[in-house]
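Quick heads-up: structures coming right below.
Heads up, the next two complexes both have chain A, just with different partners, chain B and then chain C.
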Partner chain A sequence: MTVGWDWAYAIEILPALWQGLQVTLLATALGSLLAFALGLVFAVIRRSRVPVLDPIVRGFVELWRSTPLLVQAYLIYAVLPGVGITLSSLTAGVIALGLHYACYTSEVYRAGIDAVPRGQWEAASALSLPRHRVWLGVVLPQAVPRVLPALGNYVISMFKEVPLLLAIGLVEVITVANQITAQTFRPVEPLTMAGILFLLISYPASVLVRRLERRVGVI
Partner chain B sequence: MFENLPLIISRLAAGIPQTVIATVGGIVLTIVLASVAGLALLSRSRLVRTVSRTYVEVFRGTSEVVQLFWIFFVLPALVGYQIIPLAAGVLVLGLNHGAYGAEIVRGAVQSVPKAQYEGSLALSLSPRDRMLRVILPQALVEMLPPFNNLFIQLLKSTALLSLVVVNEVVRQGQLLVPNLGVGETLTIYLVELLIFLVLALMITAVMRALERRASARLGRTPAPRARRAAVGGVA
Partner chain C sequence: MIVFDGVEKRFGDNVVLSDLDFTVAPGEHVTLIGPSGSGKTTILRLLMCLESVTEGTIRVAGRYLSHMEKGGRLVPADEKHSREVRKRIGMVFQQFNLFPNMTVRGNLIEAPTRVLGLSKDEANARAEELLEMVGLRERIDEHPSRLSGGQQQRVAIARALAMQPRVLLLDEVTSALDPELVAGVLALLKRIGETTDITILCVTHEMGFARDFSDRVMMFDGGQVIEDAAPAQLFAAPEHPRTKEFLKAVLERP
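Up next is the complex of A and B:
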């Protein structure tokens, strides 16, 4: 193994790392969409106390939040093919990310829903709005904007957790870095550059979220 | 599906000591680093603040997996010798979560009402007493719930150590998977989830007990714990 830092080599591997990073970003984007949608479903089920489903969701969220994403990814990737559903690494990874983070986003939405003043609910029922319009027309339009910064924070932390999906064969940026290392026997530059790429994306993103937080306030 | 259950449980249980060592070691290092870096963030010296801020942002901004692989693969290439995997794991867990913890410590100290500080000045307490007897006991109560979340994040992160061949619970499971069918693979992962759930509940129980004691010292009873969504160890 060669030691030391070689700028020419570090620059040379950037295009390959960028390819891997695009997969990381794609997984983050799709995982976030799933987490946003599913988390909202979980939150509405819990807040409207849907019989049967409410305790199930509650137990699931409790279990899923306390256990490692890595094990959940293995579970989804290894077990679903056994019942006839074959998944690519990306699909399995996105489902794992989405399910895991839905458990966090559902709590965020719940906090947002609880922050909607009681009077809004009372007014909606005084107007005898149908249930779906109470949610879609009154509660959620007020709850969702206030939780955007918190959701943004979870997107950033999801982005940083995508690399663990290399365990189920997702060819993301760290897998690429490891492949480069295997060819060149020089681990220093690929992994360091990968770390710098993460920092270059997540630090500005967290500054943006903090700015958004100041605008809409924290719940 | 369940005929190999005793085997699965005994193999996975054999990984529990390493998981627990990594978690406890990581928590101890987190507490140390979070306290030092968190108080340094509040320092009057600009240099101290900058150093601490850099540590916090670098370790929060790069992925934990990257940090683990870096210490495991890059550091040996630079310094010439390999750290044993479990030690490398504890180091990464501590460094990473310590950075998140620093923000918790900073936030908690800042949340102590200013009048408390002014009061301790008026009583002409020494700077040491001011911190140890007035500010920190009140900040501690604020810190414990978010630290509970952070420690559970840390526990979950120990699963990553399976990627650098630490024989903890998840790696024990992965060693078992190739020998067993799909139904049993499902059993392996479900048992793993249960093990982590139990460990997480144990962390919460300890933290709640500490919270009660810390509140009692201030003559308060702890508020029933609302589930904290937006705060916590992530992001």
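Up next is the complex of A and C:
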């Protein structure tokens, strides 16, 4: 193994790393969408105390938050085929990210929902609005904008956790860096460049989230 | 129009209303007065199904509100039944509670279109007419946050009226307003009282308004009605010592 820094080599591997990063970004985007949607469903079920579903969701969230993403991803990818469900690395990875982060986003949504004044619920109920309109017309339009910054922070941390999915064979940026290393026996440049790519995306994203926080006010 | 029959409301060991019987006739304007914690607001909240009775029954326009008939027996009302009976009861809150995510128009057409099944055009026409009446026609496309407290409360009154209620509940509707905005809201309520046949139940600390506006005043203390009389009589010659004490305290307020 050679140490030292070779600029020509570092630049040369960028296109390959960029390919990998696109997979990382895709997994983050799809995983976030799933986490946003599922977290919202979880939060509404918990907050309206839907019989049967409420304890199930609560149990699931407790269990899932207490176990590592890596184990969950592995279960989804390697154990589900045993019951006849075979998923690609990307699909399994997105489901793992979505389920894992839904447990966190559901708590975020819950905080947002609880921050809607009680008078809003009472006014909606005094007008006899049907339940779905209370949620979709009154409560969520007030709750969701306030929690966008918190959701944004989870997107950023999800982005940085995607490399864990190399364990289930997802060819994301760190996998690509490892593949390059295996051919060249020079690990410093690929991993450093991958790290820099993460930084170039995460840092501006967190600046954006902070700006959003200032605009909507933090919970 | 409204019948309370042996109503009790307890929160744990705390009895807020006990063995309460009273009737409000159609079109009658009744003001509930009394010290805070005497149970006045709880009555409005029971009528709005925001709370449920622990004993007794409530009927509105001949139908059970707190209960429903099922197989010849009275059982506690489910959500669907409550919503059905409550449709014709409107409420105006102390804190207005307009929906900040909707425009004034949105606030006024939401329930008529979603609950009464009016078309958008019908609901819009009704909204414009009501806003004309409360003097805010030109603010229809603004958000509530751009309006003053008094204006928001007038919109909230219009929102309640848009449901064409037969009963209107007013819960300390001027308590959260700056003093100079109170008169406009009270004048509007008087006009509504004079020009409609809506049955109105009103909780207020504005004794002047209570005197002019109501057909009857009920004095509450300790979860019971201790005096029930026409305003002229109750304000001029209260009988119960607690009523005298209360009126003295309220009227001598700086």
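We adopt the following convention: the second predicted complex is superposed on the first by the 219 of 219 C-alpha atoms of A that agree within 3 Å, B and C clash if a C-alpha of one lies under 4 Å from a C-alpha of the other, contacts with A are read in each partner's own complex, and residues count from 1 in each chain.
Keep in mind that, in the parts below, a residue touches a chain if its C-beta (ideal position, glycine included) is under 8 Å from a C-beta of that chain, and two chains touch if they have at least 3 such contacts.
Owing to the predicted nature of the structure, the values given are computational and were not obtained by experimental measurement.
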Touched partner set for A:A102, first chain B, second chain C, both or neither: neither
Partner chain in contact with A:S125 - chain B first, chain C second, else both or neither: second
Which superposed partner A:L90 touches (first chain B, second chain C, both, neither): neither
Which superposed partner A:I168 touches (first chain B, second chain C, both, neither): neither
Per-residue contact with chain A, leading partner among chain C and chain B: B
Contacts on chain A seen with chain B and repeated with chain C across the two complexes: none
Chain C-touching residues of chain A, taken from the complex the two chains share: 117, 119-120, 122-130, 133, 137-138, 141-142
Chain A contact footprint on chain C (complex, rising order): 48-50, 83, 86-87, 89-91, 93, 95, 97-102, 110-111, 114-115, 159-160, 163
Sites on chain B touched by chain A in the complex: 57-58, 60-67, 69-70, 73-74, 77-78, 80, 152, 156-160, 162-163, 170, 173-174, 177, 182-183, 185-186, 189-190, 192-193, 196-197, 200-201, 227-230, 234-235
Residue numbers on chain A that touch chain B, as the complex places them: 1, 3, 63, 65-72, 74-75, 78-79, 81-82, 104, 107-108, 110-111, 147, 150, 153-154, 156-157, 159-164, 166-167, 174, 177-178, 181, 186-188, 191-192, 194-196, 198-199, 202-203, 206, 209, 218-219
